[in-house]
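Supplied in C-alpha cells, the structure appears directly below.
Letters are used for the chains, namely A, B, C, D, E and F, taken in the order the chains are written, and counting of residues starts over at 1 for each.
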Amino acid sequence: MKLFNVKLLTITCEILAQENIIGILKKHEITGYTTYEVDGNGARGLRGQGFKNEKNVKVEVIMREEKLPDVVEEISRTLFANFAIVLYVSDVGVLRPEKF
Amino acid sequence: MEILELIQANLLTPIILFFLFGIIAARIKSDLKIPEAISEFLPIYLLAAIGLHGGIEMRNTGFENMLIPMFVAIGLSLLFTLNHYQILRRLGKFNIFDSYALASTYGAVGAVHFSVGLSFLKNQGVSSEGYIAAILAVLEPLAFILAIFMTNMAVSKQIKAKKQSFSDDDTEIDVGLNQTKTKLSKVLHESITGKAIVILLGSIVIGYIIGKDGFESIKIVFDDMFTGAIVIFMIEMGIIAGQRLDDIKKVGIFLTGFAILIPLFNGIIGVLVSTALGLSIGGAVMFGLLMASASFIAAPAVLRHAIPQAKPSLYITSALGITFPFNIIVTLPILFTISTLVHTGEGTIDLFNYITEVFS
Amino acid sequence: MEILELIQANLLTPIILFFLFGIIAARIKSDLKIPEAISEFLPIYLLAAIGLHGGIEMRNTGFENMLIPMFVAIGLSLLFTLNHYQILRRLGKFNIFDSYALASTYGAVGAVHFSVGLSFLKNQGVSSEGYIAAILAVLEPLAFILAIFMTNMAVSKQIKAKKQSFSDDDTEIDVGLNQTKTKLSKVLHESITGKAIVILLGSIVIGYIIGKDGFESIKIVFDDMFTGAIVIFMIEMGIIAGQRLDDIKKVGIFLTGFAILIPLFNGIIGVLVSTALGLSIGGAVMFGLLMASASFIAAPAVLRHAIPQAKPSLYITSALGITFPFNIIVTLPILFTISTLVHTGEGTIDLFNYITEVFS
Amino acid sequence: MEILELIQANLLTPIILFFLFGIIAARIKSDLKIPEAISEFLPIYLLAAIGLHGGIEMRNTGFENMLIPMFVAIGLSLLFTLNHYQILRRLGKFNIFDSYALASTYGAVGAVHFSVGLSFLKNQGVSSEGYIAAILAVLEPLAFILAIFMTNMAVSKQIKAKKQSFSDDDTEIDVGLNQTKTKLSKVLHESITGKAIVILLGSIVIGYIIGKDGFESIKIVFDDMFTGAIVIFMIEMGIIAGQRLDDIKKVGIFLTGFAILIPLFNGIIGVLVSTALGLSIGGAVMFGLLMASASFIAAPAVLRHAIPQAKPSLYITSALGITFPFNIIVTLPILFTISTLVHTGEGTIDLFNYITEVFS
Amino acid sequence: MKLFNVKLLTITCEILAQENIIGILKKHEITGYTTYEVDGNGARGLRGQGFKNEKNVKVEVIMREEKLPDVVEEISRTLFANFAIVLYVSDVGVLRPEKF
Amino acid sequence: MKLFNVKLLTITCEILAQENIIGILKKHEITGYTTYEVDGNGARGLRGQGFKNEKNVKVEVIMREEKLPDVVEEISRTLFANFAIVLYVSDVGVLRPEKF
C-alpha cells in the first residue's frame, strides 16, 4: 500500500458563503469536494439555531499542495472580512493522487 | 376603543398565543424546537396554500383589474424603499450597506405576515381579492433588486472615484466592476428563482387552472389544515424571535422606533391607497399588510450575497424580533379598523386628517 | 372474562397493531424507519394536542376541583418512587445509581402512554377530566427531581465520609460538593424547562384562553388528526422497542417482573384512589395510567446528566421494551374494567378486597 | 379522441400539474426542495395508506379470488423481465449488467405509480379490487430477485469458464463463487425486508384486521389527506426528474424509446389479461398500471448491491425521467380508456386488433 | 501563505455529553468549536438508531497547544468512565493563529 | 498527557456502499467507527441532491497502523471500480490506544 501525500483543506463557514467557496474552487479547476452542515460557535457567536441560513457548513477539499496557496489566498481575501469563517490545512495520504 | 378591543381579541387567537409562547420558551432557555425539516417545509406549504387559494379566486373574479393595484404596489414599494434608505442613512446614520439592506428588508414583503393576515381575515369572516397573492409574488424580489442595484451603483461609483485618483491599475478595477456586474446578474437570478417566489407563482397558476372543482381533492390539506399549520410554524418563529431578543439591544433605539413606526405608516398608506383603488375591506387590509411587512426569511438569503458587508444581525433581528410581532399583534387590527372605517364611509375624511396629523 | 375481551378488542386497534408491526419490522431487520425529524416532531405535536384539549376542558369544568387530585397524584408519585427504590435496591440488589434511576423512571409519567390512553377512551366513547393533562405536566419533572435530590444526598454523604477520613484535602472535597450542588440546580432547570413540560403547560394555558370557539380553526390539525398521528408515532416506538428486545436479556428476570407488576399495581391504586376522590370513569383510568406509566423519552435526557453512573440500557429498555407494551395492551383495559366496576358500584368492595389480596 | 380529452383532463389535475411544476422549478435552477425528512416519510405514508385501503377492501370482498390474478401478475412480470432483457441485450446492445438492471427496473413495480393511479380512479369515481395492493407487495421484490438470480448465474458461468482455463487457482474461484452466493442471499433478505414491502404488507394485514370501523379514527390522516400528500410528494419527484433531464441525453434514443413503448405495451397487455380474468374496470387499470410501472425508489437500493456494475444513471433516469411522466400523463388515461372499452363490451375485438396492429 | 501550527481536538461522544464538553471548553476559555451529529459503533455498541438522545455528536476544537493538556485531562477525568466517548488530536495549519 | 500515534482512515463514498465498508471492517475485526451523511462532488458528479440513496456518507475509523494496509487494500480492490469513493489516511494521537 503506497500512500501519496496531499493536502486536506477544511473550511467551516456560514452556509450562505458555501456558494462563494465552491465558486472559488471551480475557478481553480477543483471539482472534488465534500460538504456537510454543522453547528458552531466562534467570534460571530453561536450558529445553528434558528433559520437554516444561519447554520454553518464544512467544505473539505483534498488537493495537491501546488494549488493550495492560491485557493487559500482567494478565500481569505474575498471572504474573511464579511463572513463567519475558519479554515485549516492538514496532511493526508491518498492512494490515487491522480484523482486530485 | 374599538381598535383596542380588536387588538385584544386578536391577541387571544391561537396564532398569536403560540407565537408568544415560542418567545417565552426561548427566554426560559427551554430546549423546545420544531425540527428543522418541519420548519423548512412549513413556509413551502404555506406559500403553496396561499398561491392555490389566490389562483382559484382569480379564476372566479378575473385578473383584468389586478394590473393597476399591482403597479401601484410596485410603485409604493420602490418609493418606500428609497424613503427607508434616506431615513436610515441620514437620520439613523447607518453606513451605506446597512442602510440599503434595512431599506430593502422593509421594502420587501413577508410571506409569514401574509399567512397570518389571511388567517386573521378568515377569523373575521372577511374575504380578500385573490390577486393579492400575485402581488405578493411580484413584490417579493422587487425591493431586493432595487437595493442590490442601488448598492452596486454606489460601490461602482466609489471604485470609479478610486480609479481616477490611481489611474495606473486600470485593469484591476475593470475586473472589479465586471465582477460586480456578474454578481448582480447572479443575485437577480437567485432572487427570481428563489423558492418562495417559485412555489408561490407556481401554485397561483395551478390554482387558476384547476379551479374550485380541481381543488376539492386536496382542499383538506391545502385549506382546512392551513391555520393549524401556521400555529406550528408560529411556535418556531416565536422561538427564533425569542432567541434574538438579546440582540435587540444592539439594534438601538433609532432602529427600534423605525421598525415599529415605518411599517405602521406604510401599512396605513397601503390601506388608504388600495381603498381608493377600489379594493374590498379585506383586500385593503392584505394590501396594507404587504406594505407594512418586512422580510425575514427571504431577506438574509438574498442580502448576504448581494450586500455581504451589511450586518444580518441588524436586519433579521429588527424584522423578526420587533416588526413582525408588532405587525401581527397591533398593526393588523389597526389596518382592519381603518379599512372598515374608510369602506363603510363613516369618517373617511376625518380619519385621513387624523392619520396625516399623527404622522406629519 | 370481560377484561380478556376488552384486551382483545384493544389489541385489534390501529394504535396497538402498528406498534406490534413496528416491533416485527425491527425484528426482521427491515430498514423501515420514520425519519428523525418526524419522530422528533410527533411528541411535540401530541403534547400540544393533549394540552389544548385539557385546557379547553378545564375552561368548561373549572379547575378548582383539580387541586386535591393533583396533590394526591404528587404524593402517590413520590411514595411510589421511594417504594421502587427500596424494592430495586433491597430485593433487586441494583447499585444505588441504577436503583434511583429506575425508581424515578417508574415514578415519572409518560406522555406517549397518555396519548394512547386518551385515544383508547375516545374509542370507548368515554371522556375524562381535562385537568389530568395539567397533572401530567406537574408530575413530569417530579420523580426526576426527587431522584436527583436523593442521589445527590447519597453522593454527598459518601464524599463527606471520605472527607472525615482524609481531612487534609478539604478544599477539593468542598469543590466537589459545590459542583454537585451546581449540577443539581442545573438539572432542575433542565427538567423544568424540558420541551415536554413547556409545550404541555403552554398548550394547556392556550387551550384555556381560547376555549372551544378559538379552537375551531385548528381543530382539524390538533384534534381530528390526533389518532392518525399517534399511529405513525407508534410505528417508530415499535421499531425502537423491537431493536431493544435483545437487550431485555440483560435486564434480567427481576427487573422484567418489576417492569410488569409494579406499573399494574401503581395503576390500580391510582384508579381506586382517584375514584375515591370523585373522578369520572375515564378520569380514573387516565389517573391510573399516569401512575402506571414509565418515562422513556424524557427520562434519558434528564437522568443521563443527573445520574450519569446509571446504565441507560437498563431504564430505557425496561420502560420502552417491557412496561410500555404491557401497559397499553394489558394494563389499560384492566384499569378501564376496574374503573367501570368501581364506578357503577357493582362489587366495589369485593374488587378492593380482591386487588389487595392479589398484591399483598 | 376520447383518449386525448382524458389525457388533457388528467394533465390538469393537481398531481400532474405539481409534478410538471417541480420539473420546471428544477430546470430554472430554483433552490426549491422538499426537505429530505418529508420526502423520505411520504412514501412510507403513501404505502401505509395504500395498504390499509387494500386490506379493508379485501375484508369486504374476500381474497379467495385474488390468487389467480396474483399468479398471473407474477407470471407476466417474469415474462416481461426476460423479454426486456432480450430486447436490451440484443437490440439495445447494452452490456449484461445494464441489461439485467434495466430489465428488472421495468419488470418491477412502482409504488408512486400506484398512488397516482388510485388517485386518478378516485377522481373518475371508479373503484378497484383491494387485493391489487397485495399484488403490488408481492411483485415489488420479484423482478429484482429474478434479475439478481440471472446475473449471478451469468457471472458464475464466466467464473467457471475462467476456472477451466486456469485450473491452478481453484480455491480463489470457489471463494468467489461462495461470495456470490452469500451476496445473493443477503440481497434476497434485503429486498424482502425492504421498507416498502414491509410497510405495505403490514398495512394490508392491519387494514384487513381493523376493517372499516377500526379505520374510522384514522381515516382523516390515511384517506382524506392522501391526494394532498401525493401532491407534495410529486413536487419533489418533479424536482428530481427535472434535475435528471440533462442525463437523458446519455440515456440514448434506443432506451428512450424503450422507456416509453415497453411500459405502454406491458400496461395494455395487463389491462386485457386482467379483464379476461374478470377484474373490474378500475381493477384492470390498476393491474395494467402495475405492469406498466417501473421502479425508481426501490430499484437503486437493491440493484446497487446486487449488480454494482450496472450504471444507476441509466436505470434511475429512464424510469423516473421518462417512463414515470409518460405513464402518469399518457399511459394511465390510455389504460383507462381501453379498460372502459373492453369492459363495456363495445368494440372489444376491434380494439384488440387495433392494439396488436399498432404494436406488431 | 504562512500557516501556523495549532492542534485540532476531535471528540466523538454521545449527544447528552455535548453540554459537559462545551462546559469544559468554556471553563478553559475556549469559545470556538464546531459540532455535528454522527452515528457510530464502539465499545458501547451501535449508536444512532432509535431516540435522538442516543445519537453521537462530534465536537471539533482548533486550539493552541498550550491549552490542550488541561482540556484533555478534564474531559478524560470527568467523562471517560460514564459516557460513550472517543477523543483524538491532530496537527493542522491555520492562517490566523490569533483567532484561537 | 501522553498521546499515542494511531491512524485515522476516512472513507467518503456513496451511501449504498456503507454496508460493504462496514462489512470489510468487521471482517478485519474492527468494530469502532463513526459515520455521517455528506454531500459531495467528484468524478461521478454532484451527489446529495435527489433521492437519499444518492447521498454520500463518510466513514471514519481510528485504527492501529498494522491493520491499515489490509483494510485499505480490500476496500480499493472491491469498491473502487464500481462506486463513487474517496479514501484518505491521517495521523492522530489518542489517549487510550488499547481501545482501537
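We adopt the following convention: a residue touches a chain if its C-beta (ideal position, glycine included) is under 8 Å from a C-beta of that chain, and two chains touch if they have at least 3 such contacts.
Values in this document were obtained by computation on a predicted structure and should not be read as measured data.
Chemist: With contacts counted as defined, which of the two, A-F or C-E, has more C-beta pairs across the interface?
Modeler: If we tally the C-beta pairs in contact for A-F and C-E, the bigger total goes to A-F.
Chemist: Determine, using the mean of C-alpha atoms as each chain's centre, which chain is farthest from chain A.
Modeler: Greatest centre separation from chain A goes to chain C.
Chemist: Could you work out how far the Cα centre of chain C sits from that of chain F, in whole Å?
Modeler: The computed centroid separation for chain C versus chain F comes out at 41 Å.
Chemist: Quick check: how many Å separate the C-alpha centres of chain A and chain C?
Modeler: A distance of 47 Å separates the two centres.
Chemist: Find the geometric centre of each of chain E and chain F from their Cα atoms only, then give the gap between the two centres in Å, rounded to an integer.
Modeler: Taking the average C-alpha coordinate of chain E and of chain F, the gap between them is 20 Å.
Chemist: Could you tell me the distance, in whole angstrom, between the mean C-alpha positions of chain A and chain B?
Modeler: That gives a centre separation of 34 Å.
Chemist: Among the residues of chain F, pick out those that touch two or more other chains and give their numbers.
Modeler: Within chain F, residues 36, 90-91 contact more than one other chain.
Chemist: Can you list the chain B residues in contact with two or more other chains?
Modeler: If we look for residues of chain B contacting two or more partner chains, we find 35-38, 40, 220.
Chemist: For this entry, which pairs of chains touch?
Modeler: Final set of chain pairs in contact is A-B, A-E, A-F, B-C, B-D, C-D, C-E, D-F, E-F.
Chemist: How about chain D: which of its residues touch chain B in the complex?
Modeler: Checking each residue of chain D against chain B gives 12-14, 17-18, 21, 24-25, 28-38, 119, 122-123, 220, 224-225, 227-229, 231-232.
Chemist: Applying the document's contact rule, which stretches of chain A touch chain E when the two form their complex?
Modeler: By the definition above, chain A touches chain E via 10, 12, 36-43, 48, 56, 58, 68-69, 72-73, 76, 80, 86-91.
Chemist: Would you pull the chain A residues touching chain B in the complex into a rising list?
Modeler: Listed in rising order, the residues of chain A that touch chain B are 14, 16-17, 19-20, 49-54, 81-83.
Chemist: Would you pull the chain C residues touching chain B in the complex into a rising list?
Modeler: So the residues of chain C touching chain B come out as 35-38, 40-41, 44-45, 189-190, 193-195, 198-199, 202, 205-206, 209-210, 214-215, 217-218, 220-222.
Chemist: Considering only the defined contacts, which chain A positions touch chain F in the complex?
Modeler: 1, 3, 6, 8, 31-36, 62, 90-96, 99
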